[in-house]
Amino acid sequence: MTRTKLLAAAATAALIGVGSAGGAQAATICFAFQDLETEFWIAGHKAITTTLTEAGHTVIERNANEDANRQFEQVRDCIAQGVDGIILIPQDGESAVTIVAEAQDNDVPIAVFNRPPSDLSRGIVVVADNAAIAEQAVDYLVEEALAAAPAGETLTPLIVVGDLGDPNAVGRKEGFYAAIEKHADRFATPIEVASEWDAATALANLEAAVTANPDIDLLFTSSDFLFPTIRSVLEPRGMWKRRGEEGHVLMGGLDGDATACQLIKEGYVDATGVQDLYFEAESAMDAILAAIEAGEAQPNQVIEDPGFALTAANLGEREMDMWGCVLLSEGFLRN
Amino acid sequence: MSALLRFESLSKAWFGVPAVSDLTLEIAEGAALGLIGQNGAGKSTLMNMIGGVVEPTAGRMLWRGEPYAPARPADATAAGIAFIHQELNLFTNLSVAENLYIDGFPTRLGMIDRRAIRARTEEILARLDLAVSPDTIVGELSPGERQLVEIAKALHNEARLVIFDEPTTSLTPRETQRLFDVIGRLKAQGRTIIYISHILSDVARLCDAIAVLRDGLLVDSGPAEAFDVPRMIRSMIGRDLDGLFPPRTAAPGPTPLLEARGLTQPGVLEDVTVTVHAGEVVGLFGLMGAGRTELARILFGLDPVEAGEIRLDGAPLPAGPRGRIARGLAFVTENRREEGLMMEASIMDNLGLVSIRDFGRGPAGLIDRDALAARAEEARRDLSIKAGDIGRQPVKALSGGNQQKVVIGKWLMSAPRVFILDEPTRGVDVGAKFEIYALIDRIAAAGSGILLISSEIEELMGMADRIVVMSRGETTGALARRDFDRERILRMAFRETAA
Amino acid sequence: MHSTVKAAKTKRSLGARAADVFLSDYFVLYMSLAYVAVLAPFLPVLLAPANLSNVLSNMWPLLVVAVGQTFVLAIAGIDLSQGAVVGLTSVVGAMLIATMADPVVLANAPVWGLVLTESGGPFGQMEWGFLLGIAVMVAVAAAIGAANGASVAVFGMPPFMVTLVGLISVGALAIYLTQSENIRHLPDAYVMLGKGDIASVHLGPKDTPQIPRRQIHSFVTYPMLIAIAVALLAHLLLAKTVFGKWVLAIGVNRKAAELSGVPVRRVVVLVFVISAVCAALAAVLYSARLEAGRPTLGEGNFLLDVIGAVVIGGTSLFGGKAKIVWTVFGVLFFVLLSNTLNLMNLSSFQIDMVKGGVILAAALLDVLRTRLMRERMR
Amino acid sequence: MSPLGARTLGRSPSEVALDLALRHATYLIFLAVILYFGIQSPAFLAPESLGNVVKQASFIGIAAIGMTFVLLTGGIDLSVGSVMYLAPLIAGFAMEAFGLGVPAGLVVAVCAGAVLGAINALFIVRFDVIPFIVTLATLFLFRGFGTWLTSSRQFDFAPEMRAFGLSSVLGIPTPILVFAVVALAAHVVLSRTPFGRQIYALGNDAEGARKAGVRVGVVKGSVYVVSSASAALAGFVLIAQIGRLDAAFGEGREFDVIAAAVLGGASLFGGVGSAWGAVIGATLIQTVKLGLVFAGVNLYLQPIMQGLIIFVAVLADSLRQRRIAISRRRHIRPSA
């Protein structure tokens, strides 16, 4: 019987513990994001939560774990809680449309950050074009590759693809193809490697792909977070070399994180597509705060983040425009 | 101190309901005690107290003169007590040797000393005349062989007291004889035996002393010489029982119901022909492995058959059990736990399983619960199943005899034409056995045919109108009731020249 | 003397009555209510009409899926492919009923031109086209369920592996069909099914002519009706029909069921069909409320939520013990859990820990109850 | 009866061949898969490629071996994916704080895994909560604890970590060695030690095992410790190859791990399974995955084909078991 009592006590304690953990406060801004799994999202998350908190606002966080439905439910829970505004990093453009409509129908101003809704006419939308940014980065790689290769030689490009269920991954892949196809005559059909946004999967598949096709001239990863994985595959094969060294594979990525910045500086990586994370976050915050202040329930506005590619060539001028380099200079990678 | 085990005013009650009351009894070292009683008389509770499964509410036990209060089964084993249960406690996914040693393997460098356990197991198996390798997986053994492995386990543990609980239920006569020889040898070595069985002649034959339990009380005990079977029965049920079998009330009719002709399946059956007439009880006898159960499964459509035909009411049967059930075949299997019952489900659900379609109403098959409950209640009364709320009580809470009645009951509810009963009285006590025999007679008298499979010749001789004998997948003879003769039947079963 | 005895008696019966509540079929419901009662003082929003309306609306689609899973668990199976079926059928439905489609987004999809064109899907322009679309979704799901069921019933393959293959292949097929894209522009009538109100309430003064939308709370909705209808039918099917008896019989003892003439193969196939069809119906609700056919619906932790809700409701993973009411309460508990986690304003870094803790606490209570029940049985 | 009849009982050569094929179905499918992809892309047959397959299979494989212990008792462990993340993370913190080397870190990771497993065991054995729910809860708890420790940020290990992960001994990559050692150890434990045999006994009949004097609680609890420790080791060895631990690492891997064990013959109902089976299961799945990469199959179609091949493997195995069951049916009459 004592064990039964112990059980009861444990269960009650757990419930009470939960209860006290949830000391409710007056909420102001609901920040609903799709996931927190790479440097980019973590940096964005940190930028938004700290900025708003420091400015005296209350932030309610909602992590949808890459589930659009859950995000939809979470935003509705936010609305029920009576928040004043919503900042949304949607899972994809289609669900963004629905969620924006839901918020606006309930008179809650909403700003969409990073992943644009399929319909830009409603809500505050901060747009970055994944495909265009990826294309810029790959353009640079292609030029470098063509310049270095003897005329007439066919080059082999490889792309590490993200999760096919994630539209961001698909946009990046499209940008990559757009750049390659400009010189279709000089490139063999690209080798596609699935990563499923998972380091272990990427490791296995990339290793196999590189073993099957040892002569790779150009490598593009759909996210910078996979660079350490790529290094683990290329290094033992003598393919992880600095610019100028024999056997250097031209390499590019997308995101603009601290690791990428460091690798570009060290010469292993040549380019990365950058979304101006801080610009995007700030614009979204400013716009939503302004709307709340003005009592506007359905603010609509499109703010564009053109993005750019940080390359070995423009590293000198544009380094500090890339969020990852800012983090790096703050000692982010020392962990 | 000659008493090995002594009970002193031992009692056990479940929430006030006594299961064993004020039991005082002793078992002399080296003796064989026969413990008999109907199901529910308190034998299992007593055994569970010895085995450390349940704690007595009052009284105490003395083991070799010392107070003995086992807290768990391992304590009993450590003291030197071994159980041979009717529900075997073997791990079917382990080898014979591993089953013997599961509670304590000899190791070398942390690893099982396989050579040692194999050698020792081989030696024990040899003592039991069991010709299987110690490395055989138990799941591949026949029920009879498994029983012997269980005994090997007790031998291995060098138990001083070996308790046999219905050990012969799945043994062939030959295996039974082997077991009795083994028990004799155990006694000769000075080991003490408690032998629990419903086969009273065996108890009389094996034991030095007999104790009879009824309703948790010790109602009769004494040296075996003083007990004959009628006295045992009298003590067990508290009154006289006129014979072990009810008289047959009706003669079989002339119309053949089930006709199986020339059934042949390579490696299993060869040219088997059996006919069951309306109102007839056909006994099917054979040694373990003669192909009785295999024949039953083929008749019921569970196993394939290469040649031959099976007809019911003159028309060939469809393939598969479902079609045959629809035509009126019923099959009570020898393994009621695994094949007959849903142990966790209620009595009513079990009773309704076969005929449930008859209670479905409308296109959706909504169950008419009242009709089902009424019919099930009727069946319960009809079969005198001793149970409380049949809609709630799970079958596993019933005694073996009542469980078997539920199995028969679920078929009765579909009013079948031919019953195949495979060892219907296995593990069932005297009183319940008699009830099942009476039931068999009633079913036959109502015009259904019965194929009764049993390894107890007496049972077949008592109940059957005709006995068919099988050996190694063939029918080796058939006898009409007036020609029944124990020896002839056995000779046919052993394939000695038919007399 | 007399009175003390009497007092003791009332006390006992009160205690006994409390124990009854604790021990009944409705335990998980009471636990959920107690959970709400404990949290309500800390989270005032929890009981606000808007939030309750959210909790309910989040419950319906999950309930529909969980009901299907209950049948599979009842035969000691498991259906991992439900999430993938949700994804695939939502895409199949959307490509048939979309009223228009954007070639920029979807031109790469293998269904482009075949089924889907700029003017939408083949049923897109029909008035009742969305019903045809749903019919096809159900048919596709039934086919997948039948394939699952046949593999299990006829070839004796383990349900876990069969449906895992379904999870992998069907999910991939869904993504392949649209080449990762979502299909928008679903007909309004269809979207209604996902979030349409039939009756809604406004709690507050009637002074303003235009009541703000956020003060109108959904009360009776289409998803509610659909889910309740599904659950009710499932309850009747499982508890009151011959088929239901067969399902449970197979779960308790498949061999005995087979020997007793239960059409085991047919029932097993049907159970997997039911499970998949429920997934398709949930796909209607999910895709309608998100207003898009999405190949990734039902990915990630969805499956764990579904099976977790059914199991915490009391249905056994080992078969034979299953009730639809239990599932309803299990789903309610899971939905409440995720709702309250949302309301607690935990940082994202803590939320998983709390979620795990609450599930454990609930399970401990359940164990406590089972133990009491056992003690009472003696 | 007749001698003629007896002779017809002899099985035709084609039947014998089919029987033989089914008996070794798993290996045949394995061989067929390797050959198929070998024809598609001859480079797949190079020793290095096949070595890579085994190396990459080691990740899921090691965890699947641990999972087999759990499945043998009729339990399930859904928390392995989170343990793969949390245990190496704890090891990383310890390595950083105390300046531990990689081997010491590995020990810390395995110990941390064992402790996490002990938490599962505590609830399952002491409090009798069903394993599915306990490990579902700890799936969230463990990952939640990790993200709380790191605020979801990645953890970078010192460069020695990668040196260890990419090292090889006598030309054999370290992950393969670890895989082999774990497989061998698990095989010995399961088939040759009292503990191992008691696990099988427990899975076959828990009540019987208790009656037979097996310390059921200890055995049942231990398997969760083994499972978590294996998952921790698997995670650590994989992370050692990359040098960085992301917050999403190991998410959803529980299904891969269970699938590998079940494909290798383990039953979810207990009592059946082997360490060798888990190795085969994990390697077969990885062979298919990497074979598809070698063959350059469209990314969208890869999972579909992967599913189909696994399906065929499971189907063949089911047919094989049915065949064995039929052949085990006792032959009363001497055949042929």
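A, B, C and D are the chain letters, set down in written order, and residue numbers restart from 1 in every chain.
The working rule: a residue touches a chain if its C-beta (ideal position, glycine included) is under 8 Å from a C-beta of that chain, and two chains touch if they have at least 3 such contacts.
Computed from a predicted model, the values in this text were never measured in an experiment.
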Field: A-D or A-C, whichever has more C-beta pairs in contact
entry: A-C
- prompt: Most remote chain relative to chain D, going by C-alpha centroids?
  reply: B
Message: Can you compute the centre-to-centre distance for chain A and chain B, using the mean CA position of each chain? Integer Å is fine.
response: 69
Message: From the mean C-alpha coordinate of chain A to that of chain C, what's the distance rounded to whole Å?
response: 31
- line: Distance in whole angstrom between the CA centres of chain B and chain D is 42
Field: Junction residues of chain C, two or more chains touched
entry: 175, 179, 300, 348, 350-351, 354, 357, 360, 364, 367, 371
Sequence positions of chain D contacting 2 or more other chains: 127, 147, 151-152, 300, 302
- prompt: Which chain B residues reach two or more other chains?
  reply: none
Field: Chain-chain contacts as defined at top
entry: A-C, A-D, B-C, B-D, C-D
- request: Spell out the residues on chain A that touch chain C in their complex, using ranges where they run on.
  value: 4, 7-8, 10-11, 14-25, 27, 36, 45, 60-63, 65-70, 72-74, 76-82, 91-95, 97-98, 105-108, 118, 164-167, 169-170
Complex contacts: residues of chain D adjacent to chain A: 41, 43-44, 46, 48-49, 52-53, 56, 59, 96, 126-127, 147, 151-156, 162, 165-166, 238, 241-244, 246-251, 253, 286, 289-290, 293-294, 296, 298-300, 302
Field: Touch list for chain D against partner chain B, complex
entry: 1, 5, 8-9, 188, 192-194, 197-198, 200-201, 203-205, 208-214, 271-272, 328-333, 335
Statement: Touching chain A in the complex, chain C uses residues 35, 38-39, 41-45, 48, 50-51, 53-54, 57-58, 61, 102, 105, 175, 179-182, 184, 212-214, 286, 289-292, 294-297, 299-302, 338-340, 342-348, 350-351, 354, 357-358, 360-362, 364-365, 367-368, 371-372
- prompt: Which chain B residues qualify as touching chain C in the complex?
  reply: 14-15, 300, 302, 321-322, 325-326, 331, 333, 338-345, 349, 352-354, 356-357, 359-360, 364-367, 369, 410
